[in-house]
Amino acid sequence: MIIEKVFNKWILLFLFTIPVFGFVFEEPYYITLTTKVVILGIAGIGLNLALGYCGLISFGHAAFFGLGGYVTGILSFHALNSELMFSWPFVSSGSSDMLVIWPIVILSSAFLALIIGLLSLRTTGVYFIMITLAFAQMLYFFAISWPNYGGEDGLSIYMRNSLPIINTMDPLTFYFICLFWLLVVIFISAKLINSSFGMAFQAIKQNEERVKSVGIETFKVKLLVFVISGTITGLAGSLYTDLNRFISPSVLNWQMSGEIMIFVILGGIARLYGPIVGAAFFIVIEQTLGGYTENWQFWLGLILILEILYVRTGILSLFEKKFKYEK
Amino acid sequence: MKNKILNIKNLSKSYGAFKVTDEITIDLHFDEIHALIGPNGAGKSTLIKQIVGSVKHDIGSIILDQEDITDLTDVERAKIGISRTFQVSSIIPQFSAIDNIVLSLLDKSSKTFQLFKSIKNNKDLYSNAKKILKEIELSEKSDISASDLSHGDRRKLEVGLALAMDPKVFLFDEPMAGLDESGTKMMINLFKKIKTNSPILLIEHDMDAVFALADRVSVINYGKIVATGTVDEIRKNELVRDVYLGYEI
Amino acid sequence: MKKFTTTLAALLILGSTSSFADGHKVKVGMITTLSGGGSGLGIDVRDGFMLAVKGNKNISVITKDDQRKPDIAVQLADKMIQSDKVDVLTGIIWSNLAMAVVPATVNQGKFYLSPNAGPSKLAGKGCHKNYFNVAWQNDNLHEAAGGYANSAGFKNSFILAPNYPAGKDALTGYKRYFKGSLAGEIYTKLGQKDYAAEIAQIRASGADSVFFFLPGGMGIGFMKQFSQSGIKLPVVGPAFSFDQGILKAVGDAALGVKNTSQWSKDIVNDANKKFVKDFESEYGRLPSLYASQGYDTGKLLISAMSKAKVKDKDKFRDALRKADFSSTRGKFSFDKNHHPIQDIYVREVIKEGKILTNKIVSVGLKDHSNAYVSECKM
Amino acid sequence: MTSILFFEQLLNGIQFGTMLFLMSAGLTLIFGVMGLINLAHGSFYMIGAFSAALIASLTGSFWLALLASLSGAAIAGVLIEIFIIRRLYRRDHLDQVLATFALILLLSEGVRWCFGAFPLYLDIPENLNGTLPILDDIIYSKYRLFIIFMGLLIAAGLYILITKTRLGVRIRAGQNDRQMISALGIDISKLYTIVFALGASLAGLAGAMIGAIQSVEVGMGEPILILAFVVIVIGGIGSIKGALIGSILVGVTDTIGRIFLPEFLKVFMEPASATSVGSSIGSMLIYILMALILIIKPSGLFGKT
């Protein structure tokens, strides 16, 4: 544990310095890449709460990622074209202000997670995996064939949404906005994990029947975890739309759910910093291998398999093993 | 009626043609330990599962402290005061012993969850948990993770979890299975002490313990209660001898 | 005289490489699909382009795989613009990826030359002075199919396409030129490969012809199943489902089918002859439609480079707009919205020995532009 | 909408369903016996199709190609089981998901490496080309009838295998209690390899039979993999009977839904938007079906609770 904590500090240090290097040496692409790591890390931290800490293996978190992305895209699209979004129950013509967009993203992701959670949490095991996938696929096919917001072509918003005073179009500034959210999300997750609520949901992962027998409504606990988890992932989706200034149904695809899941498993499940490490590892491999060979996915597959077979419990566990019994 | 804390009437459950419990009527008085004995597969554990509500029974009623709890869910029953142990130790493996107890104290300690307050800083909870660990003689092992505990210690912890809930009745499913002599002795003393607060329905194979502890004994076979009475009455019962051939009664 | 000018031009170019090296160099960023399903198209575009610029020391090309994911394409575009400082971007195959990348790219003052996708938005309201489409506007081939349907005397067509924007554009394009009535109009699920249900509907509809736009594996499945169904209706479609890369997978089911294309390997002109010959000797396979588009894109770029420096944006743009290169398609010019004016041919699938390929049978639409020119304010 | 058309569409749905059954039977067996979530099952579908296309192009025989699809997928299955999958049985579902997801990348790119990026050619045999009149007015594709026939044949074969043979006894024992089969002195690792290869070869056969009328290309396995998962979840995981019924249900719902939903909506809406809305809902239909079934029966139709 000791080593993992030190390593986590290093991760934070890296996250603060790499983009600054990118800025100084005029390699802004490294800022973009690190921003991507941070955003996907946030999505992964969201999933990790449900999957890693509570044992809710959701194969449908792309639904929240995509919803957050689409809410952002749609609000900003209307603001850009000054088209009315709807006139009932109140008049709205969208917004391109992040301070307006974020709360709406958070509320709508939470609402979607509540609905999906209410329906899905009746099932367990593989059934839960598949029913969450089913809901995400429904949204995916809906988004593809819904013409108003571009369908398969997606939706370009051209300009990043704005904040008062700050220039969000500047890569480094936008990066620090994302990093701010990452820190907030890590902080919230850490607090949750160490609370009595956290004790309950971590216990549920290990032995749900026992938790029921001590008088805890496990359904409600799981539902709340699922909602928080979906909300965090939805927020990441919003930032991702702003990073690319573009949103399309591809982020709702099951492969997206799979990728978020891979970040979590790769970094080490139920480890606070795991998803960041997983996302960083994945993206670095993708970038370096992609530069050498067309068949980089072959090698990526091979590396992932070796990781699972030999490292077993995620990259971060490498920094823990030796000290396991000193807790 | 008044002296009965738990009253179960005509509880039946069948899977197809197979009746796991067949019109079971059994009750639990204040201050007593009521032992439930019978051969393996007689339906003892299934009966416990139906009382706590993790298995839904087909017909019959369950009354706890003059309140009909037949339609309540398992969690609701646990909340109003039914506490159980499992036949096979069922604890939270990656939690330390004390955290297991704290988990069990959560429901009683506050109505709602604290989302952001660190539980480790909750001194009251942890000092209460320590008291319970002391009762089950696990004080020294409070920080050991439950999966690293010995079998006997896990049985104790299991009972500790039930204790922590401070319920109206205890349902203990073979709490002494696999315990050594000193462990059994500790349990017997403990049960004698706690039964005045909350009576115990006890499933146990260790007949010495049963006869040392029980105020009343019921014998179950093929899902039916075949006899109920004091220890002496049961010892003398011919029918019970048939059921329990091989046991020295 | 001609000889003299070319020599002079060659001298000038040679001279410029040494003395004004920087000004005449162009850095090209190619974002295309090189892995996963649909990578065949990307590989052909890349190979065609690389063939065109082969040996040209003033052009350096950075190629990256977009995995057919729009978000990856956007990030690659960011990288190429920010870090690699490219002057020109090209390569994107799919309309949805183009919609994601092109607007931001051209707004940042970079040129984008589209070797394949031509979504209507980028031709109409969303047109941009720095965006040039070297292939076609998406509707073009479908419009030509509609035109062909009239000349073939079809009166009652059954039309189908996948349920996504390009599919809707396709059916709109066909209907824009087709004068007959519709026996049925179906949008299928994107990625669907089994068309038994749709074919049953076609059979029951009383149509006299079928038009379909089902790119990639979707079209292979449809053609095979349609030919097995025993329905003898004439089929017409855009070239995508009958192109060189894909024909051998469709097999004899495609024989005799009419398809519309702006290019075919039997178009008679010097540029095309050279292209087909060079491509075959370089890569050991017959070139496809996509390869020709990649090749033309490369040639267009070279033609503009010989007229202006890329840093001088206005001059370079004018040079591009002139389209002063010998296209494999023969006559080629840009309309006001920077989309091609070109002939669209009707081809028929035939067998050359054992190899399936296409032969031009007629010109579907002559000097054809697109329907969005008037919407483009440029 | 005539009843003839409806009947033909019903047949189409059943044909689609029988194909799904070949995929999902293996998937559900592998899950039931070994407890393995195998995302790479779609890769065997692809490997079967490519093996068939290769052999067909060398020999020109469709039947040899079918044989090649069975054996090609089975060989790949055995190798992958021995070198990779075997180490995953004791792992939790998450490790299995990640490892088999990685296998998809590995196998897809591997196949593309060997065969190139363009689709391959595989056609049906001449004597199955064309149509056959069945009943009065209905004509139906011979090859599709052949697919239905093969699907039912294999369903019957699996039934006999599982209920009447020694291997079947072992498989059932494995489904009920993994400890028991080792207690019975059965070589588990051999049994697991056999079951895995059996599942892989069924998927390979499906790939070849479908590849012949659709397309043989990299990435063909993933869409059908997701559908197969939908099927086994609807049917109840581990249940072959559930897989069969789930397959037919999904096949028929998908086919009938996507054709008749737009027609149905035209009653209320203008045709253009009915076509568009109907197609959207049509493509979501099987997921809606699955969600509904799971909400009512959380362990699928025939799953153990």
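We just call them A, B, C and D in the order they show up, numbering each chain from 1.
The rule is simple: a contact is a pair of C-beta atoms (placed from the backbone, for glycine too) under 8 Å apart; a residue touches a chain by one contact, two chains touch by 3 or more.
None of these values were measured; they are calculated from a predicted model.
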Shortest path length from chain B to chain D (each step joins two touching chains): 2
Touching both chain A and chain B (chains): none
More contacts between chains, A-C or C-D: C-D
Of all other chains, the one whose Cα centre sits farthest from chain A: B
Distance between the centres, which are taken as Cα means, of chain C and chain B, whole angstrom: 75
Distance between the centres, which are taken as Cα means, of chain C and chain A, whole angstrom: 37
CA centroid of chain A to CA centroid of chain D, Å: 32
Per-residue multi-chain contacts in chain D, two or more chains: 108-109, 112, 276, 279-280, 283
Contacts with 2+ other chains: residues of chain B: none
Contacts with two or more other chains, residues of chain C listed in rising order: 35-36, 163, 187, 189-190
Each pair of chains that touches, named by its two labels: A-B, A-C, A-D, C-D
Of all residues in chain A, those that touch chain D in their complex: 51, 57, 59, 119-120, 122-127, 129-131, 133-135, 137-138, 141-142, 144-147, 254, 258, 261-262, 265-266, 269, 295-298, 300-305, 308-309, 312
Residues on chain B engaged by chain A in the complex (per definition of touch): 52, 54, 74-75, 78-79, 83-84, 86, 90-95, 99, 102-104, 106-110, 113-120, 122, 145, 161, 164-165
Chain A residues touching chain C - in the complex, by the definition given at the top: 27-30, 32-33, 36, 141, 144-145, 147, 150-154, 156, 158, 171, 240, 244-246, 248, 250-251, 290, 294-297
Residue ranges of chain D touching chain A (in the complex, touch as defined): 31, 37, 84, 87-88, 91, 93-95, 97-99, 101-110, 112-113, 226, 229-230, 233, 237, 276, 279-280, 283-284, 287-288, 290-291, 294-295, 298-300, 303
Complex contacts: residues of chain C adjacent to chain A: 34-36, 64-65, 69-71, 74-75, 78-79, 82-83, 95-96, 99-100, 103-104, 107, 119, 121, 163-166, 168, 187, 189-190
